[in-house]
Each structure stands twice: as C-alpha cells, then as structure tokens.
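Structures for review follow.
One chain, chain A, appears in both complexes that follow, with chain B as partner in the first and chain C in the second.
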Partner chain A sequence: MTDKMVKKADLNELLNRLLEDYRVFAPVRRGDITTFQQISAADEPDFSCTNTILSPKSLMLPQSECLFDFTLEKGSDMAGIMREIDKDYSPRVIFGIRPCDAQSFQLLDLNFDTSPYRDPWWVRRRHHTTLVGLGCNVPCSTCFCTSVGGSPFAEDGLDLLLTDVGDEFALQAITEKGEQLLTKTGIDTEPSAATAKAVLACKESALGLMRSSVPTNNLEKHDATALFNADFWDKVQFACINCGICTYVCPTCWCFDIQDEVRKNNGVRLRNWDSCMSPLFTLHGSGHNPRNEKLQRVRQRFMHKLKYFVDKYERGVACVGCGRCVEQCPVNIDIREVVRLMNQFKV
Partner chain B sequence: MENPYLPYPVRIDSVITETEDRNLKTFKLVFLNSEDSEKFVHRAGQFAELSIAGKGEIPIGIASSPTEQGHLLFTVNKVGLVTSALHQMAVGEVMGVRGPLGNWYPWEEMDGKNVVIIGGGFAFTTLRASIVYMLHPENRSRFGDVTVIYGARTPGMLLYKDELAAWDERDDIRMHITVDASDDPDWKYNVGFVPTITQEKAPSAEDAYAIVCGPPIMIKFTLPILSELGFPPERIIMSLEMRMKCGIGMCGRCNIGTEYVCNDGPVFSLDQLGQLPNEY
Partner chain C sequence: MQSYRTKIFEIALQLLVERQVDAVLGFRRGTIPMMSQPILISSPDEVDQLHWDSFCSSNLANYLPRRKDRVAVFAKGCDSRNIILQILENQIKREQLYIIGVPCQGMVDRRKVLAALDGREPADVSERNGMIRVSGWNFKENFSRDEYLQENCAICTHRNPVIYDELAAEPTNEQREVDRYGDIHALEAMNDDDRWQHFEEILTPCIRCYACRNACPMCYCPTCFVDESTPQWLGKSIDPIDTRTFHFLRAFHLAGRCTDCGNCERACPMGIKVRQLTKKLEKDIKQLYAYEAGLSLDEPPPLDTYRPDDPQEFIR
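Now for the complex of A and B:
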C-alpha cells in the first residue's frame, strides 16, 4: 500500500480537494468542546484533541434518526403504512478518527451486520464511509487500548492512517478505499527517509507513554453464571447514580429504542440511543422488571462488554479502551478496575 | 437489502373478545399484499412485532398455526400503550406485522415423540398454534400421544373456548382443562391449579417432551412436578417474554447473558436456561 506525506500548512488544501468528492467529517472545536462535525472549506479541524468527549458513533448510529414515516390521514391509501425514507448515502470520510473509535465500528459490525438480519442504515453508512485515522502520539492517561487488542497506531478498521510528525503528516493507505482517497487528494510527495523514521519513532514512543494496562486474559475462561453471582458487584455498583453518561459517551454502547412520534396527521418512527442504566429499558408491560435493581443494571453493562460479548462472538471484549467512561463518570467508577476484578475473580 | 424493521401492511379481518373481563382479544390479520403473505412463513412458537403507526410495536406470539393459511391470529392482552390502541381498533383498519421472529418449539426433535402441553392464563397462544399444527391431518401421525393441561382463573377466562370443547371431543388428543375456581354448576372439567392437575394426571415422561407456558407462579410450581414425573431438563421446553424493540437481536435489551430472547429464543429448554444467569 502507498505511503505519502503532506505539510501541515497544505492540509486545508487537501481537505478542500476531498470536499469535491466527499462529505467530510472531522473533529471541530466549538467553545470548550471538540466533536466530530461535517466541515466545509471554511472550517478548521482540531487535531490536537486526543479523545473527543463524544465518540463519533453518532455518524454511524445517529442519536436520533427517522427510520420510516407515515400518514394517519383517513381515507388515504397509505394511512398507517410505514414508508422508507430517502437518505443521503453519498461518499463521506471521517477524517482524524482515532484508531480506538475505528475499532469500535468493527465491533459493532458484529451486532448490526449479521446473518440473516442486516441493519440497513448501519450497513449502508459503513459502506459509503472512508475512515482516515489519526494515530495518537500522546495517549490520554485514561487510555488503555493496548489492553483490549488495540494500540495508539492500530491500523485495523482504518482505511488510511495519519501520523503527526511535527511539521507534516505521514499518510499510509491501509485498504483499497484508502488508496482511492489518497489518489483523490492528488498528493504526490513520498515520505522522506527522515519522515519514515519519525513515524516509527512516534509509534514506539506512544506505546511507551501508555499509562494503564489491565489484564483481560481470564475473562473468557470464567463461568458466566459464577461471575454474574460474584460478590464484588455490590461494591462496584455502590456509588453509581445510574446517570448513563458511560453509555452515552461509549463508542461500543449501541443499544437503542424505537418510538413513534406524531404531529397532526403525519408521523415518524424513530430510533433513539437508549441506555441499560435506565430501569425502563427492561420494564415489562406486566410491571415485572428483570433488571429492577441498580446492581443488576450496572452488572449488565460490564458483563455485556466484558463477558457476554466475549463469549458470544469470540472476538475479545466490547471495549476499545478509549477511557471516556473513566473520564466522564461523576462518581469515579473505573472500568479498568472492574476489568481487574472480573479478570482475577475466583469462585 | 431487505429492511428487517419494515412491517408488512395488514388489515384487521376480525376481532374476537376471548375472555369475560374483555381484556383479551384475538385479532385475525390478513396481508394487504399477497407476496408478503408468501414471504411470511412461520413455525409454531415464533412471534411477530405488531405495529400500529403512531403508537409503536409490540412482540406477540403467533396464535395461528402454519397450517392455517391466508391469515395470522394474535391474542393480545390489554396492558400498555400499543395494546390499548389495538383494542380500540376496528375491523378493516390497517396496521403492520413484522416477522416471523425468533425460534420455535423443537419440532424436528419432537418428531415421533409424545408431547405434553402445559399452559396457564393468556400464555396459551403459541400453544394453540402448536396444538392446531399437531392435529392437522398431515402432521398428527408424526407425533405420539398429545396431552394438554390448560388452566385459567375461571371458565370465562379460558381462551379459544369453542376449540377447547372441540378438542375435548376428539380421541387423538387428551385434554385436561382446569380452572382455579368456578361457581358454574354445569362446569364439567377440572378445578385446581395447573401444577396440581399436572401432578394428578401425571403425564408419562417416557419419550415425551413438555412445553410449558404460563405466568411465573405457575411455572415455578409446575417445573418440580415435571422433574418428579421424570422429564429431564432438556425435554422441558419454555417460551420466555421480555421487553423488546427490534426483535432481531440488535437493540440490546432482551438478553439473558449471551442470549437475546428475541433472536436466540424465545424458546429455551430448562437445560439451556440453567446455564444462563438467572435474570428474567
């Protein structure tokens, strides 16, 4: 695959060329917060932020999305019948996504792109999106990607990888999609020997800067019901206030709700992010609730990511080690500590 | 790409009020498009999402047998937003059906075996589908003895009363209909809770499968009796309920451990459930 380089001063020109062929999404700073936004030629992306507060999951699974629309107009042939909605599936690029977030999309493919059912919106968005990753020279103190199968410069799940080597970005195409994008940028400068060396140095130094590591080696060996009944859940859940911020910021929390909304005679069927932290998430019509207690909900979130997912797909944990939940939790529940407890569990 | 969230449009063909409290109605639904009807091929034990535009969707067991062609039956208890709206709907109105969803009773395994069906209250819907399926002339010879134990609180709370009476007249199915209590002097069937009647009638476990559907309290007291009668856990079959949205294993709420009740279930053997966390 091809390697190129671009001077930082020429990056805007590169983005402008991409804007001719793609809708471009990149981290943009608004006020104190950097989030992934669709950019225009006037926007200046912010590549200094290692982890955006929100993961870019909303670009694949919008926080709220119309699935169908319908009319309730009496006498209409279509009254009460769901209709598919046309959406923009033109090519787009997520520019500057971190390797962990790109990896989260691959994990979510296991849930949304299945046999026999394929989630049509997820699958189409994945198909028409090119992921240009930005390696993490300085991982955050809460990052632990190397413990969960990733790394600050992991290529898996990316189409193209950028490395910030000071005055320039090195570009490394990883997939055919990445090659195509690279061609469209028109960049023709091969990386110099010094740049190539700097890229290697960045990768090596980033690994050295990783401050947390947690063992996950025993998770798949444990008996799920024994782990489910472990005593430590009571301690883990004690401080939790069920606010749900962990599920909100998590790139691998995909649970959703489906609701209808009506205004006058027209309505839509919506899909909204949902959270296992809410008791309503599992409340039966009868009033029975299998996860009525906070402990049950907290346990479900960790067991799902760190045990059920591991057992169901045999592709490791459903966590990419981005550390967002660690940073955002108002009562300092730390998933790394929970992994440790689960991993070292003895019956 | 097929959109698994898009319901098939159907028309309400008839509505039958099943119970004396008028809280349970059976809806007969007919597909608006014949090609949808051809695509909807189900097995007894599966469910579907009923969709009412503007209200939402609910997962409901399919009460009609695959052998009953051209329509679907759903018996719905009035509980929440969608079921209440459905109970208000009239013949001729259009709604949606999405499915069939989930797995089914283990018909392949049960081939050539005796089948004991134990049901309580309004959880008799997919059991009705199963009975109609087994009694169909093409299928009856594939099964040994068919025994049914079905109970409700009162005679007026039994579902499918005409069919129960008709099955009771047949000699190729053993019916044990029961009620918790009755002040009807003409009541000619059993009086007693389902577990008690199960113990009394003691269906043989030899070469037999038991399919059990009912309220949690009935299941709790029936399972030990089935064990006493010699039914091993892998031949006690149950169908679970959960709050669901997508019905296709994606929205994440109906799991018991690794298993999504919508997609990996709703049918599980007691043996399978014994290996999962006790959270349902």
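Now for the complex of A and C:
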C-alpha cells in the first residue's frame, strides 16, 4: 500500500481537505480533558494526548441514542408501531485514533457484527467510518497493548497510519478505504529515505518504551468454574466502590440497556450504555438479583473480559491494553494485577 | 511520612497480634505513582503492606457501613468526621471500631500534579521536606506539596481527627483564617440565569458513572433514588435534565451531612466541580444552624432534628 508524507505545518491544509468530504472527529482538548469530538476547523484537534480519558467507543456506540420513536395515540394508525429514527451516516473520519482503540472496534465487531445477529447501527457506522490512526511514539506507563495482541504501531483495524517523525507525519495507507482518503487529501509527497528510516526507528523505540507486560498464556487453560470460585476475588474486590468508571472509559465494554421514555402519548426507545458494576444491571423483575454482591459484579467484569470471551471466541482477551481503567480507577483496582492473579491461578 | 508509616505498622501489628480487632482498614501503596488502595488486613503477616503518604486520600469511612466485625480504621480529620456521622446514623457502632487518628497535612491532588507535568508521565514520586519529587523519562521536577493540595484540603479546618482511640502522630496545627467559601460567594453573587448557565457548564461533561456518589461515605442508601426502577424516578440517558436532577438531589441529600472530604471530586473522571453544590449547602447549614457536620457524637445533624427554636417559621 501507498506511503506518503506531510509536513506538520501542512496538517491543517490536509484536515481542511478532509472537512470538505467527511465529517471529521479528532481529539479535542478542553481544560485538562481531551475527548474525541467532531471538529469544524482544522485547528481544533490536539494530538498531544496519548490516551483520551474516554475511548472513542461512543462514536460507534453512543452513550445514549434514540433508536425509535412511537405514538400511543388511541385511534392512530401508527399507534404502538416503532419508527426508526434517521441518522447521519454520511462518510466520516476518526483522525488520530490510537491503534489500541482501533483494535477495540474489531473486538466489538465480534459482538455487534457476527452472523446471525448484526446490529444495524453499529454495522452502518463502521462501514461509513475511515480510521486514521496515530502511532504511539511514547506509550503510557499503564499501556500494555503488546501483552494482548497489539502494539504502539499496530496496523490491524486501521485504514491509514500516521507516524509522528518530528517535523512531519509519515502516512501509510493500510486498506482500500485508506487509499481513497489519501487520494482525496491530494498529498503526493513520497517519504524520503530519512523519513522511512525515522518511521522504523519510532516503531522500534516505542516497543522499547513499553513498561507494562502481563502474561495471559494460561487463561484459556484454566477451568472456568475453578477460576470463578478462586479465593483471590475477595481481595480484588475489597477496595472497589462499584462506580461505573472502568466500564465507561473501557473501549471494549459494550453492554447496553434499552429503555422507553414516554411523555404523554409520545415516546422514544433509547439505547444507553450500561455497567455490570451497577446492581441494577442484573436486577430481575421479580426483585431477585443474581449479582447482588459487589464481589459478584467485580468478578463478572474480569471473568467476562479475561475468561468467558477467551473461551467463546478463541481470539484472546477482550482487552486492548489501553490502561484507561488503571489510570482512572479512584481506588487503584489494576487490571494488570488481576490478569496476573488469574493467569497464575492454581486450584 | 516515614515516621507515620513506622507508627502505623506498630499500631496495626499490636492490634492484630493481641486480637483486639478482627481486621485493620488502611492503605497500601498504589500500582501507579501518586495512588493508593484501601485494603483490609486480618493477619499480622500482612501488616507490611500498610502504607501512608500524601496520596492516601480515599475516605476509609466509605468501607464501614453495615460491617459486622470489629475493625481498626486509620482516620484523617475528614474520615473521623464521617465516622461520627455514620455512628449517628446507625450505620456502624462505636464499639465495633478502633479508630487510629492520623493528623493530616492535607492530601496532594494527583491530577494537579499531572496537569503541571503536561503530558510527561511520572515514573517515580517521592516526598521530602514538604516537596514532592517527580521523575520520569527525561525529566525531574519538584513541587511544593502545599501548592498542590486537593482543593478541599487547602481550605480544611479540621485536619486533626475529632474522634479516636489512639493517635498515630502529634496533633497538627489547624489552618485558621482560610476562606472556605470563596467560590460559593461568587456563585451567590450571580443572577439566576448566570448561575443556571454555570451549573449547566460544569455538569455537561458528566458521564453518569456515579463515581461521585459511590465514593461518598454518606451515600450508603441500600438503593439510591437514581437506581429505583419501580417507579423509575430518573431517566438513564445523558439528558441534561436527568443529569442535573441526579447532581442536585444528591447534593441536597448531603445537606448537613457533608464533611467536604473531597472524595467525590477526587473520583470524578471528568473533573467536575461537584463540591460547589455540596459546599453551598454546607455554608447554608452553618449559617442557619451553627452546625458543622461530624464534629460531635452528641449533636445529631440538624435536618434529623426538630427544635422549637428552628429559624424557619413554617416548621414551628
């Protein structure tokens, strides 16, 4: 696939070209917080943040989204019939997404885009989105992508990969979609030999800067029930305050809840993020709650990502090693520690 | 801090060896810089895990409600005040507790230090002589801890524990002449529209993770009103009306019960200034009832009390 390069000073021009044809989403900083937002001008993005507090998950699976509306008007032909709400599926770019976050979309495809159940909203958004990745020259100390099948410059899941080599970005098209985008930017400068060399150096140095690694080799071998009943869960769960931070900042936590909100005779059907940390997540209509205790909920989150998913899909863990939960947990529950406990578990 | 640590080991070890308590509730050093984790240890072998530094800011009272055992707990000024409130509200019994008071110098705000580092990542952080020394890849920086305290700690007037069985250090000097309500005066001076606009702005980033609620030692309701489903009082989306309702009602539920321990703001991943809401109510309660939460076991919270000399006429 094609390689090009662009001077950093010309990045705004590149983004302006993209803004003509695409809706562009990029990391935007407000105060101390950087999140992925739709931009309307080329000078809005800030690429200095390695991992945004929230992953770009919400661009594919919004935290809250109206799927349908309906009327309960007596006598109306449409009474009780769900009408799908139109959405903007025009082409868009997520510019500056990190390789781990792109990998998370692939993991979520297993849930949302697998025969016979295909989530139409997820599938359409994926189809209409081009992912322009930005490799991580200096991974965070909490990053552990290389332990879970990724790397700071992983191409898997991206359409185009940018490498920051000082005064310029090297652009590498990875897919057909990426090629098309590159063509639209009109960028035609081939990378010099020096740039190509710098790209390789960046990739190598980033790997050397990875400070966290966690072993996952035994997870698939363990008996799920024995792991479920392990003693260590009691220690793991003690500090947990059962808030939803880890599940909401996580790029691979996909669970949602469906709610109808009705006002007088008109209503909407919403899909909202849900969190297995909340007791309400499993509360039955009967009043019974199979996961009434904090220990059960904490165990569920880790078992789902690190055991049930592993066994079901045989594609490794449902974690891309972004380290957001490690960084954001107010009581320092560290998934890297939990993976170690699970991996080294002996009956 | 090293002297604190030695003393903390000694006290915990003695309590566990002599079986005066079933377990000790304290902190261990975190797995990332400037972080700690609340732990419960029940064996003398585990005492060496205990830790104390300027980042032991979680409020340990949060782990007490509905405990059945007898437990020793390390309590800073704010933790001790929350313990008093929990005893008054029948969440834990005084005789279940062995309170080890830890006079506090104020806790350092991890996020403030991170913001000052502006993207550079700390690899190693240590403390000496009122300075926080931070080093990382290609840098070394020193920060004065007093300038990087959590906002609630900077204006705290109760650093010494108000209830304890034993102190882990000599009492510290209390801060006097701090302006506890500078930001609240500014809020009060706004007209209604501006204040509403201000609330909207500060609450917009909320992702409804409820970390502020769950971090709060006074938010112990078996089912929070936002989690009620029959009837469901509150929408589950991120509609601003629902988000505001959650924050405002939570704050009102803390009127006369909040000690400004700051655990809510510290937990919020989005940096929302939720203490502005609770602090306004704290100020009102102080003015109306001359009451500060959690200073005495003999004085129940004013909103739990009926008094014939209540300042408001409608209730008399």
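Worth a mention:
Quick note on the criterion: the second predicted complex is superposed on the first by the 345 of 347 C-alpha atoms of A that agree within 3 Å, B and C clash if a C-alpha of one lies under 4 Å from a C-alpha of the other, contacts with A are read in each partner's own complex, and residues count from 1 in each chain.
In this text, a contact is a pair of C-beta atoms (placed from the backbone, for glycine too) under 8 Å apart; a residue touches a chain by one contact, two chains touch by 3 or more.
Values in this document were obtained by computation on a predicted structure and should not be read as measured data.
Once chain A is used to superpose the two complexes, chain B occupies space next to chain C without a clash. In the superposition on chain A, contact of A:S40 is made with neither chain B nor chain C.
Once the two complexes are laid over each other on the shared chain, residue contacts for A:V138 go to chain C alone; chain B is not touched. Of the two partner chains, chain C is the only one touched by A:I53; chain B is not. By the touch criterion defined above, A:L283 reaches both chain B and chain C. When the two complexes are overlaid on their common chain A, residue A:S76 makes contact with neither chain B nor chain C.
Here the apex is the CA centre of chain A, and the angle it makes with the centres of chain B and chain C after alignment on chain A is 90°, in steps of 10.
In the superposition on chain A, A:D257 makes contact with both chain B and chain C. Of the two partner chains, neither chain B nor chain C is touched by A:S213.
When both complexes are overlaid on chain A, the residue A:T114 reaches chain B alone and has no touch with chain C. Here chain B and chain C sit at a least CA-CA distance of 7 Å once the structures share a frame through chain A.
Touching of chain A by both chain B and chain C, each in its own complex, is seen for residues 257, 259, 283.
Residues 31-33, 48-50, 53-54, 63-64, 138, 140-142, 209, 211, 238-239, 241-245, 247-249, 257, 259, 261, 270, 272, 275, 278-280, 283, 326-328, 330-334, 336-337 of chain A touch chain C in their complex. By the touch rule above, chain A contacts chain B in their complex via residues 67-68, 70, 72, 79-82, 84, 111-112, 114, 117-120, 123-124, 224-225, 228-229, 254-260, 262, 267, 269, 274, 276, 281-286, 288, 290-291, 296, 300, 303-304, 308, 311-312. Residues 1-7, 9, 51-58, 77, 79-80, 83, 93-96, 216, 241-243, 245-246, 248-258, 263, 275-280 of chain B are the ones that touch chain A when the two sit in their complex. Those residues of chain C that touch chain A in the shared complex are 30-32, 35-40, 58, 62-63, 111, 114-115, 119, 121, 123, 137, 205, 207-211, 213-215, 223, 227, 229, 235-239, 263, 266-267, 269-271.
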